[in-house]
Amino acid sequence: MAINKVVAGAQEATTGIEDGMTLMLGGFGLCGIPENCIAEMVKMNVTGITCISNNAGVDDFGLGLLLQKKQIKKMVSSYVGENDEFERQMLSGELEVDLIPQGSLAERCRAGGAGIPAFFTPAGYGTEIAEGKEVREFNGKPHILESALTADFAIVKAWKGDTAGNLVFKATARNFNPMMAMAGKITIAEVEELVEEGELDPNTIHTPGIFVQRIFQGTGYEKRIEQRTVRQKG
Amino acid sequence: MALDKVGIAKRIAQELRDGWYVNLGIGIPTLVANFVPQDITVEFQSENGILGMGPFPFDGEEDADLINAGKQTVTLMPGASIFDSATSFAMIRGQHVQLTVLGAMEVSQDGDIANWKIPGRMVKGMGGAMDLVASAENIIVAMMHTNKKGESKLLPSCSLPLTGVGCVTRIITNLAALEIKNGAFHLLERAPGVSVEEIKAATAGELVVPENVPEMKID
Amino acid sequence: MALDKVGIAKRIAQELRDGWYVNLGIGIPTLVANFVPQDITVEFQSENGILGMGPFPFDGEEDADLINAGKQTVTLMPGASIFDSATSFAMIRGQHVQLTVLGAMEVSQDGDIANWKIPGRMVKGMGGAMDLVASAENIIVAMMHTNKKGESKLLPSCSLPLTGVGCVTRIITNLAALEIKNGAFHLLERAPGVSVEEIKAATAGELVVPENVPEMKID
Amino acid sequence: MAINKVVAGAQEATTGIEDGMTLMLGGFGLCGIPENCIAEMVKMNVTGITCISNNAGVDDFGLGLLLQKKQIKKMVSSYVGENDEFERQMLSGELEVDLIPQGSLAERCRAGGAGIPAFFTPAGYGTEIAEGKEVREFNGKPHILESALTADFAIVKAWKGDTAGNLVFKATARNFNPMMAMAGKITIAEVEELVEEGELDPNTIHTPGIFVQRIFQGTGYEKRIEQRTVRQKG
């Protein structure tokens, strides 16, 4: 039998999340975000949190729900548009914002999970992102030293998961979820469908269960579309 | 007549080469996908985790779990693949993506680009732009030649905070196609009906004009 | 009576804790998988890319594409997963694997370990051992207390090239169970029928012996 | 239509491999090795090559075939046992050997493919592997700086592949293949089954086609087992 990671639901899963903690939240825009855990954190009213998440949701969905209640002290993101309340809090100085190039953000999360404390990347060299960072040339090209990111809790959303914590993501809802799952001291996975161990093909698992400490089947996924773009038939 | 956004996209499409993987930024660059020459094959990469991105879905077939980096619903082409953000930027940083097309607020004659931040205004973030411009071998900037105030966006040096340094190799604007090399803008083509004088007047940075400047051929 | 290899493996199995991911090295460590206490669940990691490694396959069911890090044919347990070598060592380096059990040629009282190279002899390589010992929170060394010449393998300092420094926390030998802390070997248990004097005689490094040294309980 | 990477076979795939080049070869032991390309390189008699491969095969199979003909100048590996001819050439000084911790080898290949020129790892600190390398402490623990590895050609073996170069590996035959596929200037993939574009599920691809320049369906896979270990029923 594999190690069982199942918890009852969002409430049990989020136990131990406290004011002032650093959290990673998977998702890109509103795609692949842990809707159930976000709702639960709104309910439990945890405050002063630092959120590492590529985006900050929209006004009335995703991380925007936590912003509305001023639960977030600091956002660590690559892009934070599409959110008026975010803008208001940022411009008024209520909210700290640390902007990081998207590729560096992804790699820094992976590094955090992989025991690599720092790595060199060309991204951001010569920009304000490089300020205070070590610069070194490799193959004639300047690179900056970026450090690993970790979190007290990483909260990810998957399509399918099994009792052993193995995860499979659907399409681009994968995005930052796998790296963040690696980088959480405790990683919570909410999934659309929770199956028994042995039901997922071991060869097609995106996130091995070792990276997941708690898993539950979420409910009522809205999966809101941020930019609905279509073409007409014919 | 200066090009419109579609015209700029059509001209950029002429820069595509068979077998290239291409990342298209938000705005004008996205339109380039509509004008790929029929005799070549390219694949579009979206940095949120798609290779082989297809057109928008038919009405009613959109999937909230399948979006591009602009958060628009998209489809997959046959032969597409999906991956996480770390792998996506491994492709970009590792120079496996041959071409990046993106917009800009300013470009300098040294190839510097500024496209993410205006001091005093709400900063939305650089997204993947800094990774893209720091790595791609070919970077084409798609933009209007001048800003809303009529000021040149092709400058001796950028006044806005940089996105990347010495990285832009080509610019396609509403007025012209230009190459950046040896610390100057080199005029390659004029937009249909646009004179060299007009381009000179709209370019604040050093502009090298060859004897003969052909007019773009846009269908 | 000193323990045999199976006895050492049985004693090490008592160190396993419910919910642990465990990497077992080649040799004696591999045997530990046969003696997991029935009331706990552990999963075995093999650094070539398996989590949830199972026992050897039944005769005729072996698959050339499914081996462990010792290149032996194995099976998968329900809930197993497969991954590439970079992800495998991300787990190890990132301290997601709670316990590593491996063999050694020498261990020092400071927790240094030497197990990969004998100068002048053919060097086969360190495989994954350096990554494992540099990262795991719990490292148990499984080995004979003395070498073939009868010399102690528990030393003040290692004479052979190191695999890792200050990393070994526990040693289970044919004679004893020991803990390493504060720059000394601390005797925890005697093998059945083995006296403290015998252990002292076989230990070259500093050995701390408590008043009472219980005998191991091995089924 | 996706970019087509199909070549006729091993001969066309290995075109351009020249004496003195650096090659990466996927596989762990004899599991997941590119049998067809190795056979072709024996035939074309390319010499003086530097092989980056976790292991060096056995005397009469895998890279052992290239060793027999003294085609390899240098091996870059983590473990090279089980090969008498290797041992003879190494001890006589005919063959250079660079031994690298397995995890560092895997990560250095990934880094090479991912445009990360160097990273810090704790593996090897305090050992001879660290000699000449920069040491830096992070979180109170010393780490050494390791550099990226790349190759003129990376040669990998997959289970299934499509015309677009997308690859799916089977079980532990995955091992080093995905990272090496990323790190080759030209990457050759030989597959047991080559299918049309669109036949593989985009969500379950291990190596996206962008990393593969040439692909072909191999023939006559022996898939030799190095250590056949079984138990008896009942």
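Structural remarks
Letters A, B, C and D mark the chains as written, and numbering starts fresh at 1 in each.
Going forward, contacts are C-beta pairs under 8 Å (C-beta built on N, C-alpha and C of every residue); 3 or more make two chains touch, one makes a residue touch a chain.
All of these numbers come straight from a predicted model, not from anything done at the bench.
Distance from chain B peaks, on a Cα-centroid basis, for C.
If you compare A-C with A-B, the chain pair joined by more contacting C-beta pairs is A-B. If you average the Cα atoms of chain B and of chain C, the two centres end up 56 Å apart.
The geometric centre of chain A is 36 Å away from that of chain C, both derived from CA atoms. Centres computed as Cα averages put chain C at a distance of 28 Å from chain D.
Multi-chain contact residues of chain B, defined as those touching 2 or more other chains: 76, 82-83, 89-90, 92-93, 135. In chain A, the residues touching two or more other chains are 107, 110, 114-116, 121-122, 169-171, 202-203. If you draw each protein chain as a dot and join the dots that touch, the picture is not a line, a loop, a star, or fully joined; it has some other shape. Pairs of chains meeting the touch criterion are A-B, A-C, A-D, B-D, C-D. Of all the residues in chain D, the ones that touch chain C in their complex are 28-32, 54, 77-81, 87, 90-91, 97, 99, 101-107, 109-110, 121-129, 159, 169-179, 206, 223-233. Residues of chain B that touch chain D in their complex: 19, 21, 41-43, 45, 51-52, 76-83, 87, 89-97, 135. Of all the residues in chain A, the ones that touch chain C in their complex are 1-4, 110, 112-116, 162-164, 166, 182, 196-198, 202-203, 205, 208-211. Of all residues in chain D, those touching chain A in their complex are 107, 111, 114-122, 136, 138-139, 143, 147, 168-171, 202-204.
Touching chain A in their complex are the following residues of chain B: 46-50, 55-74, 76, 82-86, 88-90, 92-93, 112, 122-131, 134-135, 161-166.
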